[in-house]
Amino acid sequence: MLRYILLRGVLALAVAFTVSLAAFLLLNVATDPARAIAGEDATPEVVQTIRVRYGLDQPMPVRYAQWLGGVVQGDFGESYYWHKPVAELVAERAGVTIALALAAMAVTILIAIPLGVLAALNPNSWIDRTALGVAVSAQAVPNFWLGLIMIILFSVTFPIFPVSGDATWMHFVLPAFVLGATSVPAVMRLTRTGLIEVMGADYIRTARSKGYSGASLLWRHALRNALLPVISVLAVQLGQKFGGSVITESIFALNGLGRLALESILGADIPTVQMLIFVFAIVFVVMNLLADILNAALDPRIRIG
Amino acid sequence: MAPLLEIRNLSVSLELPNARLHAVRGATVSLDRGQTLGIVGESGSGKSMTALALMRLLPRGAEVNLDRLAFDSQDLTAVPDAVFAREILGRRMAMIFQEPMTSLNPVYTIGRQLTEASVRQGVLSAKVAHQRAIALLDRTGIPDPAGRMSQYPHQLSGGQRQRVMIAMALMMEPELLIADEPTTALDVTVQAQILELLAGLQCEMGMAMILISHDLAVVSEHTDRVAVMYGGEMIEEGRAAEVMAAAKHPYTQALLKAIPRMDGPPVKLAAIPGTVPSTTSIPKACIFASRCDFVRDVCRSGRPPVQGSDEHWRRCILGETELATQRQASPVAAMVRKAVEASTAPVIEARDIVQVFQSRRGLFGPKKEIRAVDGVNLTLKRGETLALVGESGSGKSTLARVMLGLSLPTSGSVLMRGKTLGGMSPRERAALVQPVFQDPYSSLNPRRTLAEIIVRPLELRGDGNSQTRLARVREVMDMVRLPQRLIHNYPAQLSGGQRQRVAIARALVTSPEALVCDEPTSALDVSVQAQILNLLTDLQANLGLSCLVITHDMGVVHQIANRVAVMLKGKLVEEGSTDAVLNHSSHEYTRTLLAAAPRFRAEETRLEFSGHE
Amino acid sequence: MIKLKRAVGSTLFAITLSLSLSTAPAFAKKADDTLRVAMAEEILNLDYNYTTKREYIILAQMTDASLFDVDPKTQEIVPSVASGYKFIDDKTLDVTLRTDVKFHDGSVLNAEDVAYTYNWIIDPKSESNATGIIGRWLDRVEVTGANTLRFHMKAVYPLALRDMAQRIMLRKKDTYNPGGVVNKNAMAQKVNGTGPYKVTSFKPGQEVVLERFDGFFGPKPAIKKIIVRNIPDIGTQQAELMAGGVDWMFNVPLDLAQSLGATPIAKHLSGPDLRVSFVVLDAAGYTDPKGPLTKVEVRRAINYALNRGEMAKFLIGGSAEGIHTACHPAQFGCDQKSVDYPYNPAKAKEMLKAAGYPNGFPLDLWAYREKPVAEAVAADLTAAGIKVNLRYVKLESLDQARANKQISAYIGTWGSGGTADTAAIARIHFSDETDRNLSGDAQLNKDVLAAEQTNDENKRRELYTKAVGRIADQAYWAPLFTYSANYLVSPELNFPLDSDGLPRLQNASWK
Amino acid sequence: MNIGIEPNLTAAEEPAPLTPRQIMRRRARKHRSLMIGAGIILVLAFIALFAPLLAPHDPFVQSLGKRMLPPVWVQGGNWDYLLGTDQNGRDYLSRLIYGAQVSMVIGIGAATIGLLIGVTLGVLAGYFGGWVDHAVSFLLTAQLALPGLLLAMALVFIIGPSVWVVIGIIGVLHWTYYLVVTRSATQRIRQLDFVAAASASGATSRQIIWHEILPNLISQIIVIFTFELGIAILAEASLSFLGVGIQPPTPSWGLMIAEGKAMMFYRPWLVILPGICLFVLVIGANLMGDGLRDITAPEGRN
C-alpha cells in the first residue's frame, strides 16, 4: 500500500515540476513582467529600476534555478505585486476557493445524482427525457454567460444575493451554482448509465429472486455498485475545482485562487503563477490518488484482488 | 394429490426496439412435490424465459399471459408483485442461475448475501441464519465454510460460487428449486459434482426441481420427466427415459442423433440443416416445418395437434406407426477412423514448452508467478487430428497459442517443418498453420464484410491479384458450404454456425498444412456443433489437413480425434490413440474425466433414485 | 404577428431595465458621511514613492502632501508644505518650510525629514520609482536652518517644482533605512503621511479605509471617511453602484456612463483630461528599412485617412476633440498652427497611389487600450486601401514588442502625468533615450532636449513650436484626439472636475 | 436422413437481416433528438457557409454615428439594423451571422486536432501498453494540470492572434476525452479473437491497428467528435471572453459577449443574443452527439 502511494507522490512532484517549467518559459516569453508592474505611463527609467529590483535582468535559467532552489527549502519567493511571500498569499486565498469548490460539488451532487437515479429507474419516460434535456442544455450554456445572467436576475433585478465579494455564505450561492452546474451533465450521465447497467446485472436478478424489490433493492444492492465510477469522477472534478475556476471567480469578484491565477498570469507575476501551478498539480494528482484509494475502499475486487 | 406446480398455456413476449419477440407460446407443464422436471432445448428455444416468467424476473417491457398458474393449488395470478416477492420468492420458490461469476454481488461478503434475505424478512434471527448458512455451505461441499463467510465472491472459483448460490437458494427451505443451466459454465468434473449435489439435496428436502439445460445427456441422467422446447414451443414431453429411448417428435430424434455418443464406434452426426426461425411474429405453421425431414404440406398450413398420452405427448402430425418406420429407415453410417502410423512426419513439434505469467493480487498485493504450461512436449503429425483435452486452467489454450506462434514461450521451442517458429517470418508461419477460435462472435471483425474477412490473409501475403483472390474466396466458401450470396454480408447478419464456417474459410484460404482449433464448437448449439464437426472431418479427409483440436468435451474427442493428449495443471499426463485413451486409459485423472462426462445410459433409467416415489 | 412579437419583446426588456434601475441607493451616504469609491486596479502598496499607476496617484493625493501643489484651476505651482522658495541661480533653489505640518503619527515635520526624503530618493540604493525622474536633475539637498533647505541641481530643469509637487511624498527621517537596514516596503502596508486623510485599515487587493486627519495643516476635507473598494470587473462595479455598495466610479466607458447617467441611480460627470491618443508610425524603418512608412507621403496619407473628429465625438465623448499636434493643446508650447491633415479618404487613396502603393500595403497595427478606437482606426485605414492586421494585446506585451523593434505602427496614449507642459510628452517620445521614438530624426531629438535645459519661457516655446511643427510636417505621428474623463457619481456627491483630469477626492463634498 | 449435406437450405423465405449500416440509418430516422440536433447544425452550417449572402451589411463596415442602436423591437431601433449595432456602429445581425462562421470553423478545426492527437495516443497506449501507456498517462496528467489560459495567452502573443492559432490552442487542450475512450476501447478490442487471427495470418501491428482496430473505433470517435465540437466552441468563447481568444475585428460570439458585458444592464441584448446563439449551436452539437451514441451504441459494444 505504502509503495503505491509513494509512487504516486513521486509522479505528483514530477508533474508539478514539468508543468511549472513549461509555465515559466511561457510566461517569460509572453510578457515582460517589469513593464506589467510599471504600468501604463511608466518611463523607461522606472521600468529599469523595477527590473533590477526583482532581479528580472538575469538570464532565464539562472532565475529558474534560483526559484527551484527556494522551492526545495519551501520558499516560493515573493510576489512582485503583493510584496509578500507567495505562500502566504495562496494560503489567504485558498479558503475561498476550497469553500467554493465544496459548495459547487454539493450543488453537482444534489442535482446530478438524484436526476441520474430517477432517469435510470424509468428509462425513456418523461423524467429520463427531462434529465437528458437538462444535461444537454447545462452542457451548452457558456458558464461565463450563465454567471452574468445570474447576476442580472438574482443580484440586481431581484436583489436576493450580493453581487460580488466573498464575505458571507450568501456570496457563495450564485458562484457555487454556476460552477456546480458545469459538471452536472457528466455526473448525471455517468450515474444514469451506471445504474441502468447495474439494474441489468445478474446479481440484481439474484437479489430479486431472494425477494428484494423496489426501494430496498435499489438502496441495498444497486446504488452501491452503480456509484463506484461516479465517486472517482467526482474526486477528480473536485481536484480541478480546487484549482479555482478562473471565470466564475472573476465574474463574482471572489478572492480565490482562480482569480489570483488569472491576474497573475495576465500581469506576469511569475512567482505567484509558479506556486499556483505547483499547488494545482500536486492537488490534482493527490485528488486522483484519493479517488483510487476511495475506489479500493469501496470495491473489494480492487482492494483484495 | 394435486401437483405442486401447474402452468397451462403460458406465453411470454419481449419488447424489442422495433418489434415484439414471442419467446414462449402455449407452454403447459405440471410438477409434483419431490419430482424433477427437465426442460431441454437449444439457445433461443424459450426455456429460460419460461422459468423467469414463473419467478416474475422478466426484463422490463415483457408481457406474460396464461390460462392457469397454480403453486401448491394457490392461484399465483391473483398475488400482487409485492406480496409475491415477500412471501413466495426465496421462501417457497428459489432459483439458481447459469453464470456463477456474475450472479453474486461483488461488493458484499458471502456471509451477508447468504443471510440478509432471511433476516430481513424475519424468517430467521441473525444468529440462526448465520449458523444455517455455515451448515448449508458445509453441506454443499465448500471447504472451511466458516472462513468463507467473510470472503468476497471474486475470491472463490466458479464451482465454489455455484455452491454458494445453491446454499443461498436453500436458506429458507423452498418447496421448488429452479436451476437454469446450473453447470453449463463449469468444468466437466465440477459439473458432475454439482448435479449429484442437487439430486441429493432434492431427496433430503423433498423439494420439487426444474432443471433447465441444453445438454440432453445431463437431463437424461438427472430428471424424472423432460419437456423438449424448440422455437418457443413445447414440442414433446414425457418420462425422461422414454423420451430419450423413443423420441416421438422428429426434432427430438434429430437432436439425439446430433450428439456425439461415447458408446460404440463414432457415427456420422445427423446435423439439422438451417437455423431456428425468428419468432417476431406468431407462426401459424409447425415451428419445425422449415427444418423437418418429414415435412408435409399440412405442416406448413396449420399448427400440428398434440398427440400421444398424458404420460408422453408430442405436437406433430406424424402418427405413432409412421414415426417408427422412419426411424429404422435411416441407417447410421459408421465411420472408420484411420490409425496413424508412428512414422508419419511431424507438422508442428513443441519441445519442453514452459510459459510463466506474472499476476498481482489486487492493487497493492504482492506479485505472483503462475506456471500455465510446465515442460510440455507435443507433436502434431501430418494428416492426423490430435485432441488436446483438459479442464479450464490446465494450460491447453496457452499451449495452443504458443504452437500457433502467437505468443513466445518463456522457454522451449516450437518447430514447423524443422524450422523454429521464432526464426520464421509471420507470413511464412501463416502459410503453415492457421487458428480457429471458440467464440464465433469475437473471431470476425464486425465492421468487415465476409469477402474482406476471408480474403485478408491473401492480401497480407500479397500473392495474385483481386480476381484470383476472389476466385479463391469463392472456392473456399464452397469448401465450407457457405452460400455464395452471403459474400457481401456482415458477421452480424449470420448465425453462430455460419460465422464459425467463415472463420474456417479464412483459415483455409492460405491452404495451410495445419489447423489449430481452440474449442471450435463448445459455444455452439448441439445441432450446429454437429455441422461443424462433420465439416472438420470432411475437410481433413479431402485436404489431408492435420488438426490440433482443443476441447473439454469427451464426446467431441471420441467423434473426431485420431490421437488424444490429456493436460492437467500445465503438464501432459497422458497421450495415445483415441481407442487406447478412451477405453483403457493409464492415468487416473483421465478416468475421472471420462466418468464425469454425461453419457447416454438409455437403458439405465433413474429408477434406482426415484425408489421413494 | 410581428407587432405582437415586438410588443412582447420590448416589454421583456423594459421590465428587466426598470426593475433593475428602480432600486435607488438603499441608504443615503450623507447619513454616515462615508464615500465608497470603486477602483478596478488592486491597491497593493500605499507608498507612492514605490508605485506608479494612476490609482496610486489618486490615493497619494489624499494620504500625502508634498512641498508644492498644483492649483487645480490655474495649473500654477503653489506652496504647500513649503511656505516659499527662491532661485539663488538657475541651479540652486532655497526652500522655506511651514512649521505646523504634522505626520499622521502626530510628530511635526522638519527640514531634516524633507532632506532625508529627497536624498534617499535620488540614492540608487532606494530603487524608488521616482529615482530616475528626480535623479536626472537633483544633485543633493542640504539643510540650511531649522526649516530652510537648499536644493543643488545638476542642470537647468524648468519642471523641477512640478516634479517636487507631484512625484515626491515626504517621509520621516530614516523611514526607509532604520539603523542602516534597507526596508523598501516600510510604508507599503501602513503609510505615515502628511496628507488630509490617514489610512485606518488596509486589506491589500480588497479595500482601503481612510479617515479625515484632524492634524492636517491645510484646508480640512468635507467628507469624514472614504472607502476605496477594489472591484476588477466593470459589470460588477455597475451592479454595486446600483445595489448602493459604491458611490464613485472613474475610467467609465462612455456608453455605460451615458446610460447609467440617464437614470436616477447616478450622475454622469465628464471632465477634461490631459491624456491624448495617437498612432506612432515607424518612420525610421526599424521594422522595414525600405518599408512604406519610411516615405513621408504615405505617413501624410495615413493622417488624411483617419476620421479623428468622429472618433472623439462618438467613442470618447465629453470634452474630447480631434487633434493634429503631438501634444495636448492645453500644454505649454503645444503650437496649434502646425500643419493639419483634415479627414479626406479620397486624398489619402490618391496620395498612396502617388507614393507607389495603388492597392495599399499590409500593415501590422498594434493596440492595447480602447478596443472600439483600435477597430475604428483599423477600419478607416482599410477603407483607404491599407490591409490592416490588428494586433490587440496587453500593454506589457506591446511595450516588449516595441523594445524589440517589432512594431511598425501602434496606437499609443500618454497622460503626461497631469503636467500641462509639452516637455512631459516630448522627451519621452522624441528624445534618443527612449524606445518609443520611431521617428529616427536626430535634429528633433536635439531640439526636444534643449527645450528642457533652459528656464527661459520664450526660448522653450520657440523650440517646442519648431519641434511640434517638424513632427506634424514629417507626420511621424498621426495624432488622434484628446480624452475626456468619464465619472459616475452618486447624485448626492459634489465632485470637482479639474482641467488636468486628475481626480481629487479630497476636494469632494456632499450636496 | 441426409447425412451432413444441406440440399434444401430454405433460408430463402427469410430476408437476409439488414446490414449494420441500414439498421443505424433506420434507427437514426426515428431518433428525435438526433434529428433536431442534426437540423440545428445543418442550419447553422448553412448560415456560416452563405454568410456573405445572408448578412444584410458588411460586418466590418463601421458608422460611428449609429453606435449602440437597440434592436428593432426596442424603441429607438430602426429597420435597417434588425438587431441594432455594436460599439463601433457595425450591424449586429451581420456580426452574429459571421460569428457562426468563426465558431463553426473553430469548433470543427479544434475538435479535429484534438481527435488526431487523442486517438493516436489512445490507440498506441491501448495497443502496446507497458511504458507507452505510462508515458501517455503522465502526459495526460501534466496536460490536465497546466492551466489552459496560460498556454493560450502565451501562444497568442508568440505566434500572433489568428483564427488558426486559436484552433491550435483549443485543439491541443482538448484531446484528453478522445484518449481516454480510445485507449480503453483499443484495450478491449485487442483481446478479441479476430485480432489474434489477424496476427496469426501475418499482419504487422500497424496493419492490425489500421485494418482491424480503427474501423471498430470510428462510431465512438464520431460521437466524441460531436461533443468536442460543442466543448471547443465554448472554449473559444471563454478564451475570447478573457481577451486571449479571437482578436478584433473578427466577429466571435465570445468576444461579443465580453464587449457587451460592460453594458449588460442597459443593453442586455448585447450579452443575451450571442449567448443564445452559442447555446443553440452547442445544444445542437450535444443533441447530435447523444443521438449518434444511442444509435451506434449497441453495434459499437459487441
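We call the chains A, B, C and D, going by the order they appear; numbering starts again at 1 in every chain.
Operating definition for what follows: a contact is a pair of C-beta atoms (placed from the backbone, for glycine too) under 8 Å apart; a residue touches a chain by one contact, two chains touch by 3 or more.
Please read these numbers as outputs of a predicted model, since none were measured by experiment.
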item	value
Most distant chain from chain C by Cα centroid	B
Chain centre separation in whole Å, for chain D relative to chain A (CA means)	23
Inter-centroid spacing, chain C versus chain A (mean Cα positions, whole Å)	39
Between chain B and chain D, centroid-to-centroid distance (C-alpha), Å	46
Chain centre separation (chain C, chain D; CA means) in Å	46
Residue numbers of chain A (touch at least two other chains)	30-31, 148, 152, 156, 266
Residue numbers of chain C (touch at least two other chains)	16, 20, 233, 235, 239, 242, 394, 397
Chain D: positions in contact with at least two other chains	157, 261, 264-265, 268
Contact pairs between chains, per stated definition	A-B, A-C, A-D, B-D, C-D
Of all residues in chain D, those that touch chain B in their complex	1-4, 6-11, 13-14, 16-20, 26-27, 192-194, 196-204, 207, 211-212, 215-216, 218, 299, 302
For the chain C and chain D complex, residues of the former touching the latter	5-6, 9-10, 13, 16-17, 20-21, 233-235, 238-239, 242, 253, 255-256, 259-260, 307, 310-311, 313-315, 371-372, 374-376, 378-379, 382, 390-394, 397
Chain B to chain A touching residues, read off their complex	55, 57, 59-60, 81-82, 85-86, 89-91, 94-95, 97, 99, 102-107, 116-117, 120-121, 152, 154-155, 165, 168-169, 360-365
List of chain B residues in touch with chain D within their complex	17-18, 254, 257, 268-271, 273-275, 277-278, 290-291, 293, 329-330, 333, 401, 404-406, 425-427, 429-430, 433-435, 437-439, 441-448, 453, 456-457, 460-461, 481, 483, 485-486, 489-490, 492-493, 503, 506-507, 510, 531, 534-535, 538
Interface residues, chain A side, partner chain D - complex	11, 14-16, 18-19, 22-23, 26-27, 29-31, 132, 136-137, 139-145, 148-149, 152, 156, 240, 243, 246-247, 261-262, 265-266, 273, 277, 280-281, 284-285, 288
